[in-house]
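The structures come next, written out as C-alpha cells.
The following pair of complexes shares a single chain, chain A, combined with chain B in the former and chain C in the latter.
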Partner chain A sequence: MKQKQRRINLQPWQDSKAKPYIHLEGVSKEFNGVLAVDDVTLSIFQEEFFSLLGPSGCGKTTLLRMLAGFEMPTKGKIYIDGVDVTRRPAYDRPVNMMFQSYALFPHMTVEQNIAFGLKQERIPKAEIQERVKEVLKLVQMEKYGSRAPHQLSGGQRQRVALARSLVKRPKLLLLDEPLAALDKRLREQTQFELVNIQEKVGITFIMVTHDQEEAMTMSTRLGVMDHGRLRQVATPNEVYEYPNSEYVADFIGSINKFEGLVTEVDDNHILVDSEEAGSELYVGHSADAPVGSHVKVAIRPEKMMIDHAAPNQKKNVTKGIVRDIGYLGDVSIYHVELKSGKIVLATQPNLVRLAERPVTWDDMVYLFWRAENSIVLTA
Partner chain B sequence: MQNKLSPFLKTVVTFGYAFLYLPILTLIIFSFNSSRQVTVWQGFSTRWYTALLQDEALLKSLWISLQVAASAATLAVILGTLAAISLVRFGRFKGRGFFGILTTAPMIMPEVITGLSLLLLFVGLEQIIGWPHGRGIFTITLAHTTLCMAYVTIVVRGRLADMDVSLEEAALDLGARPIKVFITIILPIIFPALLSGWLLAFALSLDDLVIASFVAGPGSSTLPMVIFSSIRFGITPQINALATLIITTVAIGVMVAGWLMHRKK
Partner chain C sequence: MKSILKKLKLNFTSPFWVTAIPFGWLLLFFLIPFLIVLKISFSDLRFGLPPYAPLMEWTNEGLLIIKINLTNYTFIGTDSLYLFAYLDSLAIALLGTIGCLCIGYPMAYGIAKASPSKRTILLMLVILPFWTSFLLRVYAWIGILSPQGYINTLLIKLDLISTPLSLIDNTFATVLGIIYCYLPFMILPLYAFLEKIDYALLEAAYDLGARPFQAFIRIIWPLSRPGVIAGSLLVFIPAVGEFVIPELLGGSQTLMIGKVIWNEFFTNRTWPVAAALAVIMLVFLILPIAIFQRYQEQRVRFLDAE
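Take a look at the complex of A and B:
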C-alpha cells in the first residue's frame, strides 16, 4: 500500500543475474533434538524490507537470532554481502538488531544508548556526537537526547531503539516484532514511518512478525514459516492472491475452500467437479493437478459476489441461505450455508446503509465469482 | 481514608516494636550512665566512652572485626557474583542444580558444624601442605567468606534473573565483547544488588561469634568474641558505649546507602 516509485522498481528477485545480499544456505537449528529451523534456503537482496511471518513457535525468531549471531546454526551457512558469517559472534557482524523489548540500557541516557555502539568502534568523540544527532533527527527525537529511557513513552522508546540500531549503519537490520508493544493506532502510524526511514537510509531490513497485516503493509517480500520451514516466499500480493498451499492460504486472511475432482486440464484452465460447492468450478489458470486428482479450489471472501437473482453463468455458481451477517462498518461478512452444509464467507462493501441492505438473514442467495479469481491448492 | 489501624492491631504493633527496640534504646541510654552498674541509673556521663577509647584490647578486637568483615564481604561479593552469573546465565550445564545447592548450603548449615568442619580443614591443610600457617585473621576471613558468599549469591542471583537478557544481547549486537558487556552493562545494572550484598555480608561477618571462635587463633579475637568472653567477668558499660557507636555508624551507613540508591533512580 506504500507504493513509491523506487519500491515498485525494486524487484531484484525477478532478475536472475542479481546477486543476493543476504544468503542462507540449508540452515537448520536443533534444540535438544527438536528442529526449530528446518533446512531454510533464502536469498534477500539489498535494500529489501523482508518479513518473516508465522505463528509463535514456527522458528522465525530463531532464524532471526541466527542472523544476529546469538544462535549458531546446527547445519548450513549464512552469507552477508558475500562473506560467510556463520561462525562469527554477534559483536563481529555487520548486523544490528532492534529488540522486541527495545532493550534500552536503563542506566544510560538516550544519547549514551545511541552512542554505545559507535564507542565500541573507537570512533572519535566529535564524530560520535554528530552521528548521534543525525540519527536522533531521523527518528524525530532531537529534544530527548538527555532523557533516561524510563522517562519516555512506548512510542518514543521504540524510536530510540531504532536509532540505536541504525546509527552503526549496519549492512542488515533485524527487527524482532518491532511494533508489538505499541497500541493499535500508534502501530499503524509507525508502520509507515518505519518504511519511510528504511527507504531513506537504504539499509536491508528483515522483520519478524506474527501480524500478517503488518507484514503485508511494510514488506517488499515476505516469507511464511511453519514448523521451522519456509512455506512460501513472495511479494505480499502474490502470497495473498496465489498462496502455494492450504497452510499459507489459511494463514493470510480468510479463504473459502471447496474439495473436488479434476475433470479437465488445459494450459489456461482447470475444471473441477465439486459436490461440496454443488457446482462445476472453472479455474482460469493452470496448476500442477492431473485429471482425476483431488484438489481444493479456493476463493477469497471479497472475491465472492452475492445476489438474489441467478447470475448469467453456469460455472462457479452456488446457492445457499444467509445464516449470519457480520457487520464491520465498512464491509459486511455474509455467512452462507450451502446445500452440502458448508458455510461460505462472502465479504461485501456496504455501499448503502444498513437498513436498505438488499440481502438479509435467511435469504436464499446466489454466490458466484470470476474464473480468474479462484485458485487451485494442491498442497 | 480507610487507613486507620484497629486498636488490637495498634497494640500488637506497639508491643512488637517495643520488644525489638526497647532493649537497644535502654542500651544506648545506659551507655551515658555514670554508674558502674549496668542496671541502675545514676546520672549522665560520657566516662564510658573515654574508658572505651583507652581499652586497647577492645579497640584491637574491633579493628580486627572490621578488617575481617570488610575483606570477607569483598571476597564474598566477588565469588558470589561469579556463582550467581554462572547459575543464571550459563544455561542448564551439567551439575547446575547441585552447584546451586552447594553455594547456598552454608546458609542453612548449623554454624557449629560449619565452624568445626572449617577448623578441621585448616588443621588438615596445614599438616599436608603447610598452608594456611596457623589460624588467625586470615582463616576467620576465609571462613566468613564461605558463609557470606551464600547470601551474596542469592541476592545477586535474584537481581540477575530479573534483568532482561536482551540488554546483554543488545550490547553484544552493538559490538561490545563479552567482558565489555559485563563491565559496561551488567555491573552497573546489578550494582545495587552488589552493594546490598556487600552490606549484608559485612553485617553477617561483624556479627558472627560461633564460626570465628572455631577458626580464630591467638591474638585474633574478634569483637563478638571479646564481648562474649567479657560477660563471664560481668559486662562493663563500656560495651554499651561501643554498641551505641556501632549502631549509630550502621544507621548512618544504611541511610546513606538508601539515599544514594534512591537518588540513582
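Take a look at the complex of A and C:
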C-alpha cells in the first residue's frame, strides 16, 4: 500500500530535470569475445527499488557485478551520485552487495560478520557496537548476535546478510537474487519486509532476479533484460500492461497473441484483420505499423471475458470450444480452442463454487475483450 | 558362504569391523613395534645377538626376575651431545617447516584458484617428484650445491665469484633438502583446505571495504589454518627424525637426532641407548600433535556453541 503511494508521489524518472543517482552510460562487458552486457544506458534515482529482471544468462548479474566493482566494463562509464566510479575497485566504492549465497564469514559470529565492514573503516569500537545493534534490530535478529552462521536457518542468514550490507550505509545496495534460497512462503513474507526496510533506511536498491512476481511486487521500476540488452525499463504495471515487445510480453505473465494484417491505422486506434483469431481486432491505441504490415495483437488472459451468450460487440470477439480447465483455487484457467486451432487462455475469478461452474468442458463459448485491453506488438 | 558368515556372526559392514581394520593396522605396525623399542630402552646392554639382555628371566628356582634399567635414560641426560642433537633437530625441522609453508602456501593457493582443468595438471606436477627415488633426488642436490656443482660453476663462469661458495655440508643445505623433499606434504593438505573455501567470501570482504591483503589476512588465512597446521605437522614430525638428508647434505657439522640414533644402533651397537633416544623423540613429537588435537576440539566447540 505504502509502496503505491510512493509511486504516485515520487516518480523522478518522469521529471526530465531530475538528476539520476546511479547512471550507466553505454556500458558493455565482453567475456572472451562474447558480449554479456551490450551497450546498457540506464538512470536510477535516489531511493528507488530497481529490479533487473531476465532469464539466467541474460547479463543481469554481470551488470550488477560491474556496479559492485567485481568486473570492469569493457566499454562505457558508471556514475554513482555524480562520481565516475568505472575504474574503482570494489573496496573503494560506496556500494554494498548482498550475495545470493549470502557469503557470511563462517569463522565469525553474526556480530563479527556485521562489524567487519565497519572495522575496515576504523570506526571507534563503541560506535561499531551501537551500529551493529541498531541494524540487528532492524532485521529483527537482536537475539542471534553471538551465533555462528551455520547455526542459523536460511531465513536468518538472509537477514544477517542484509544487515551486513546495510550497516555501512552505502549509497547503493545491490541484491543478487536475495530471496532465491528461501521457500515460497518465507519468500513472500520477506518481499514486503525488504521493501519496508528499504523505505526505512532510504538507500537506493538494485536487485537482480529471475522471478517476475518478485520484481513486480517489490520494485518501483524494473528493467527487463535479454541477451545483454535492456529491453524495457518501466514501472511494474507499465511493463505488464504495455510491454514494448513480444519478448517482454512473454516474459512477464502469460499472454495470448494473434497474428494479423493491419487494415486501418490512425492516431487513436488500429484495426487488425486476424485469421488466427477469426475476428477483426480493434486496438484502442496507435502504433508504428503501416497498413498492410504484419503485427501481433496481445491480450492478457485475465482481460479475456468468457460466456455462453454472444456479446453485443462485433469486433474483438471470437468463439471456440473449452478444451481444458485449470482450477487454481482463486481463479480458473480456461483453455479454449478456436476454429483456427489456436488455443487461447482465459482466466476467470472463481466467484462461484466449483460444483456450480457455468462454463464447463466441451462448451461452445464466446471470448471477447475491450479495445483498450489489447496491445499491438510490433517488435 | 553367506550362511556361514551369518553363523559366525561376521558382518563386515558393522561399525566394529570398519574401525577394527585401521585399529588393527595401528596395533600391528605402530603400537607393537613401539612397545618393542620401549622394552629395549629399559634393557641392559650385552654382547651377542640380540645386543641387549631380556627384561624378564626365569631362574631355575622358579624365580621371575624383572630388570628395568633406567641408566640408558640417565646416560642421555649426562651427555650434552644428545641434548644438542635434539635441539638442532627441532630447529632444523622448524626452519624446514617454515620454509615449506612460505613456498607451499602461495603454491597451494594458486592451485586452488586455478581453473579445474589446470588444477589437475598442477597437482600432478606437485606429486611428480615422488616418481623418482627419494635418495636419488637428495643425491642430485649434491650435484647442484657442491663446490664443483652447477651453481658454483655458473657463478664462477659469470665472474660473480672467484672461489666457490660453501653451499653444502652445512645446516643451510639440510634445511634446503628438507624444504625440497617435504614440500608436497605441505601443499596437499593446504590445497585441500584452500580449495574448500567459498571465494564469494573474498568478494564479500572486498565489498565491505577490505583491500586484497586485509581480506586475505582476515578471511582466507583463518579459514585455511587447519590446513596450515596439518601441513606443518606432516612436514615437521618426519623432518625431526630425518636421517638421509642430513647424512647426504649436512656434512659432519650437522648433527640431527636421526643420525645420532643411527650411530648408536649401527656404529656403537648400543641398542638400549638408541631405543631410549627414539622413545624420548617420540614423546617430544606427541606434544605438537596433542596441541593440534586440542585446537581442533576448541574449533569444533566454537562452531557448535549455543
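Methods note: the second predicted complex is superposed on the first by the 373 of 379 C-alpha atoms of A that agree within 3 Å, B and C clash if a C-alpha of one lies under 4 Å from a C-alpha of the other, contacts with A are read in each partner's own complex, and residues count from 1 in each chain.
Keep in mind that, in the parts below, a contact is a pair of C-beta atoms (placed from the backbone, for glycine too) under 8 Å apart; a residue touches a chain by one contact, two chains touch by 3 or more.
Bear in mind that the values here come from a model prediction, so they are computed numbers and not experimental data.
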Task: Fit or clash - chain C, chain B, common chain A - done: clash
- [ ] Please work out whether A:W361 is in contact with chain B alone, chain C alone, both, or neither, and reply first, second, both or neither.
- [x] neither
TODO: State whether A:Y327 touches chain B only (first), chain C only (second), both chains, or neither.
DONE: neither
Open item on the list: According to the stated criteria, A:F99 is in contact with first (chain B), second (chain C), both, or neither; which is it?
Closed with: both
Open item on the list: Identify the residues of chain A that lie in both the chain B contact region and the chain C contact region.
Closed with: 68-70, 89-91, 95-97, 99, 101, 103, 105-107, 116-117, 120-121, 164-165, 168
Task: In the complex with chain A, residue positions of chain C that touch it - done: 198, 200-201, 203-211, 214-215, 218-219, 222-223, 302-306
TODO: Would you tell me which residues of chain B are touching chain A in their complex?
DONE: 164, 166-167, 169-177, 180, 184-185, 188-189
Task: chain C contact footprint on chain A (complex, rising order) - done: 68-70, 89-91, 95-97, 99, 101, 103-107, 116-117, 120-121, 148, 150-151, 164-165, 168
TODO: Show which residues of chain A lie in contact with chain B when the two form their complex.
DONE: 68-70, 89-92, 95-97, 99-101, 103, 105-107, 116-117, 120-121, 164-165, 168
